[in-house]
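Remarks on the structure that follows.
We just call them A, B, C and D in the order they show up, numbering each chain from 1.
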Amino acid sequence: MMLFVLKGKGEELKDSLGRSSASFKFLDLYGKRVLIGWPDSEMEKLDSPSIEFRVKTKKPYVLSSAEWKKERTVVDVSGVQIGGEEVVVAAGPCAIEDEEQLRTVAKSVKASGAKILRGGSFKPRTSPYSFQGLGEQGVRLLVRTGQEVGMPVVSEILDARHIQLYKEVDMLQLGTRNAQNFTLLRELGKFGKPVLLKRGMGNTVDEWLSAADYVIYEGNGSVVLCERGIRTFETSTRFTLDVGGMIVAKLSSHLPVCADPSHPAGRRELVHSLALASVAAGADMLLVEVHPRPEKALSDPEQQLTPDSFSLLMERIKALAGALGRKA
Amino acid sequence: MMLFVLKGKGEELKDSLGRSSASFKFLDLYGKRVLIGWPDSEMEKLDSPSIEFRVKTKKPYVLSSAEWKKERTVVDVSGVQIGGEEVVVAAGPCAIEDEEQLRTVAKSVKASGAKILRGGSFKPRTSPYSFQGLGEQGVRLLVRTGQEVGMPVVSEILDARHIQLYKEVDMLQLGTRNAQNFTLLRELGKFGKPVLLKRGMGNTVDEWLSAADYVIYEGNGSVVLCERGIRTFETSTRFTLDVGGMIVAKLSSHLPVCADPSHPAGRRELVHSLALASVAAGADMLLVEVHPRPEKALSDPEQQLTPDSFSLLMERIKALAGALGRKA
Amino acid sequence: MMLFVLKGKGEELKDSLGRSSASFKFLDLYGKRVLIGWPDSEMEKLDSPSIEFRVKTKKPYVLSSAEWKKERTVVDVSGVQIGGEEVVVAAGPCAIEDEEQLRTVAKSVKASGAKILRGGSFKPRTSPYSFQGLGEQGVRLLVRTGQEVGMPVVSEILDARHIQLYKEVDMLQLGTRNAQNFTLLRELGKFGKPVLLKRGMGNTVDEWLSAADYVIYEGNGSVVLCERGIRTFETSTRFTLDVGGMIVAKLSSHLPVCADPSHPAGRRELVHSLALASVAAGADMLLVEVHPRPEKALSDPEQQLTPDSFSLLMERIKALAGALGRKA
Amino acid sequence: MMLFVLKGKGEELKDSLGRSSASFKFLDLYGKRVLIGWPDSEMEKLDSPSIEFRVKTKKPYVLSSAEWKKERTVVDVSGVQIGGEEVVVAAGPCAIEDEEQLRTVAKSVKASGAKILRGGSFKPRTSPYSFQGLGEQGVRLLVRTGQEVGMPVVSEILDARHIQLYKEVDMLQLGTRNAQNFTLLRELGKFGKPVLLKRGMGNTVDEWLSAADYVIYEGNGSVVLCERGIRTFETSTRFTLDVGGMIVAKLSSHLPVCADPSHPAGRRELVHSLALASVAAGADMLLVEVHPRPEKALSDPEQQLTPDSFSLLMERIKALAGALGRKA
């Protein structure tokens, strides 16, 4: 497939494309006018002074690719910039359980330096007999608490039919089990809000970036790629955090990358190590689970940090970011 | 969690459960009245002459489990029995391309001994720039062709909002990329038609059976488990067909198992070997991709069989099934 | 690298090669005179009427490759032909424990139709605190028992310094943990006896065939490739038997292939299914663990078959092989 | 199995053990007298005032375990301390090619802050047709160059029969392909020099620590565990560096841990990220490939750093270590 960066609107190209057998789309992304189309045999014929440059790729993705956009994308989440100098930390409970739990965590993580509040309300659980989250009520609680403490919020969406419930949520998370749910990816593209796009636990980097293309293709360029561990033969951790794959994704694309150290750890004492490793490797964002009393949590009790442990982690992240010429 | 097989309706249990803090549900499945509930501490208290027997499990699934139902389930797909003596073969094109392609394949595979016609119309493609299928029109074409040649049809569903389009489809396929799309699983449970449940390429057998529980929990016990290859380090095949995992799933559950030899093969010359291996191991069903001119196919050109090769495969399957005391 | 099949001895090529910077070796293999050398830039220059044909490959292996030898190799193990019409079964205990255990199993498996007696004596154990085998004494016991019951024997070698102990062993097994022990591979090449070459649990098919090249490069063409399961994320089986990889190895090479259904199963009730699947896919040989009282075995108690179960398995294998136009 | 830490020599225990059916061994390790034995049923009977404390484990390893030794082990490599406050970097070429190459690299990495010189001479290559290293001559060159520039040296051993060639080598590396070569592990235990023990690319953390037990069981407690990437489905990196597994190994044992960022990277631009991630996670040592002209290297040309890039990496490592309260 081919991508063209244009100087004008490219109306004159529309005509010749309309007469060809090509599939194509014009998009306005990152302040640029872009034309994408295929098959190559048709697209290669295009010629016009309005074509600034063109890129042909054998990869299954192109919009998220660094092949056409060398400058790194900074995603704005209601004022918080992801992908710039600062390493942004989002923190909060795995699952929202009640108002007090959420408010306690929110105030605490904010005081420690987290910039975004995370909280799950529609929970994708392996077993239908596990706690499924508070649903709609939880989303409302999260929005209200975010406003109260003054933090943008991020939460996972499971069902395209729920999307209107997320109007006041600042960033929508697409979870690992939906990483190739193309219906939901397109819907998030149309919705337009920033997307935290988790990598599928069985997906390659190429598939992950192709999922990002599904979102961007609908016109939404605000995508942050989130590595959360892949499935391997090693069972001493819950998943294997693929730090190398995260960096390949960063180098192959222009999008910011995030690491979730909580899910691969599966146990509290590893979360700090994985978080620090991710920042040192080049993560632009971290997503960390924090619970006031982890041992009582209704989901993932083994891997959520206490507020005190999170506070210590933030200090270590700040020191590390400083040593690397960034801040946190 | 606990499962109770009841003699009557169990109305008297409802009362005591209503007064407890347990989560519970009564279901009518496979001609039996079943109660399922948790936590164990509450469920263990239940006592009534209407309780035939009870099962407590540490697994994340129970309805699909052989722990409570020893007799193997036979799934009826519009008259075709899956899970009985016969090894049932479903065959057809990866993607429906046009009426002629579909009719040619349908007649040919029927003549060779296939019992169900498969055809994809909403295609889950890694890249948004690949052929996405004919959509609604393809589903209608499939139904019409199935009626014309006299075969039940199976097709994949991608989006819960499409479900009404599948009213005349005999069996709905849940694909590997949606293997933990719990929204869609529940919807298939409510819809009630037989489900061909593919294993996620990154999912364990336990997660696969838990997905089956999502469907059955909504009252639909007609689930066939389909192994289609998992993600491993080996790249000489597209995926690694996990014959052992398929048999573990069969032994751990009462549900029939199916193998898809086409996707893991990724190349035609391996399809026969993987198909025969699956039957020898104990598969109750096979799902095979057949195309009149594979090299011209709009998707998966490398792995679709020609009608002639499929015909030869059917002969070998029949010989094999016979040697194992089954038929095909 | 390049391989040349020659008509004569190729003496005249030696001269010109001696003057070049090429690395090269002449070998007499499978009744043919072969020259192998690299780099390609030097080898391409060779020209002589004695060159029957030449093969250039990008693969890391060539001697085991079907690229130059289309006819399938049949390996003779003291009269038992592996790779021909017959599916050959080798059976015996995981570890030799004492004379009576071994003799009981040997007589029983022979009566059921096994053609080769297997038995481990130097055992590669994950933990230094597990039973390490009877060592030298066990090898002697195996040889004596094989002679007594009239069966060739196969046993694993762990240390190049032990090789003289295996003079009367008919086939030497190279285990999965030594699959890339290049020292031992070369030694087996020089020793000249048939080699049962297990695939490393973390090795690709290409690496497996490259290991075969190490053996053949020393002049020993009698190699049988043995698939025994690879490491994947699935934990319900001990390893994942890669039936597809076994067939890729068969198609990519001229060597016979064997399957070990016992190690990947890790539990008795799966061994039959995996054995039958392997035969149906195209295995030329099976390696099966049998113990008179598996539950008392000093190693792998979970996966060894009883003699009765093995006898039943042999009947099923014979029926299956017959249906596929082979015998067992 | 059980481990006892003793106050005296434990002679009195020898007698009662001699009369039992237990397997046992007395060892002097880390300044302590240790008795290890099995089965538990026999060992549990032991009682004596000389028993300081006892540990019973279900793991396949115990000598390398933190269950009995809480203080972290510091391994001394000819004066360089591994496992203390300092992060030690070993650097040098993948393969020693000639005197000038080695001396150039040695001087350069020393000037940048590396403390140990690495260089391969017996190279384990997937293909028999790849450069196999300079062998004995290379080992001598390494020793001489180390003495000349004033750095201890580390090099890989492939064959137990070569061990006397390593008398002047300061640390012996056991490579990933020999990670379960129990013959070689025992030999390294007897030899007594510090061992850099790489994890097998298909091995779990438990298997890795069990390999360490093989070495320590022969009386050699100077083992450094080296993570170098595992085999997973992801192909955009050569291997998947398992930072989490490395930390689990550190927490489960008392041994120092090392990371090799070069092999998993497979490409130069990832080496820095993986090296920094490893240090941030808690690595005590790094093993980095450096070559004066990587693009001309006879092995691994893609992943070796230039001296300049290594110098920059050392600066970043020092900054990072400082931020974490360590030094480099």
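We adopt the following convention: contacts are C-beta pairs under 8 Å (C-beta built on N, C-alpha and C of every residue); 3 or more make two chains touch, one makes a residue touch a chain.
Please read all numbers here as calculations on a predicted model, not as lab measurements.
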item	value
Topological distance between chain B and chain D, in contact steps	1
Farthest chain (mean CA position) relative to chain B	D
Pair joined by the larger number of C-beta contacts - C-D, B-C	B-C
Chain centre separation (chain A, chain C; CA means) in Å	48
Separation of mean Cα positions, chain C and chain B [Å, integer]	37
Inter-chain centre distance, chain C versus chain D - centres from mean C-alpha coordinates, in Å	32
For chain A, residues that touch 2 or more chains besides their own	202, 206, 230-233, 235
For the chain C and chain A complex, residues of the former touching the latter	231-233, 235
Residues of chain D defined as touching chain C within the complex	1, 23, 36, 38, 60-62, 124-130, 158-161, 177-178, 180-183, 200-203, 206-207, 210, 213-214, 217, 230-231
Complex contacts: residues of chain C adjacent to chain B	202, 204-206, 229-237, 240-245, 247-248, 251-252, 264-265, 269-270, 273-274, 276-282, 316, 319-320, 322-324
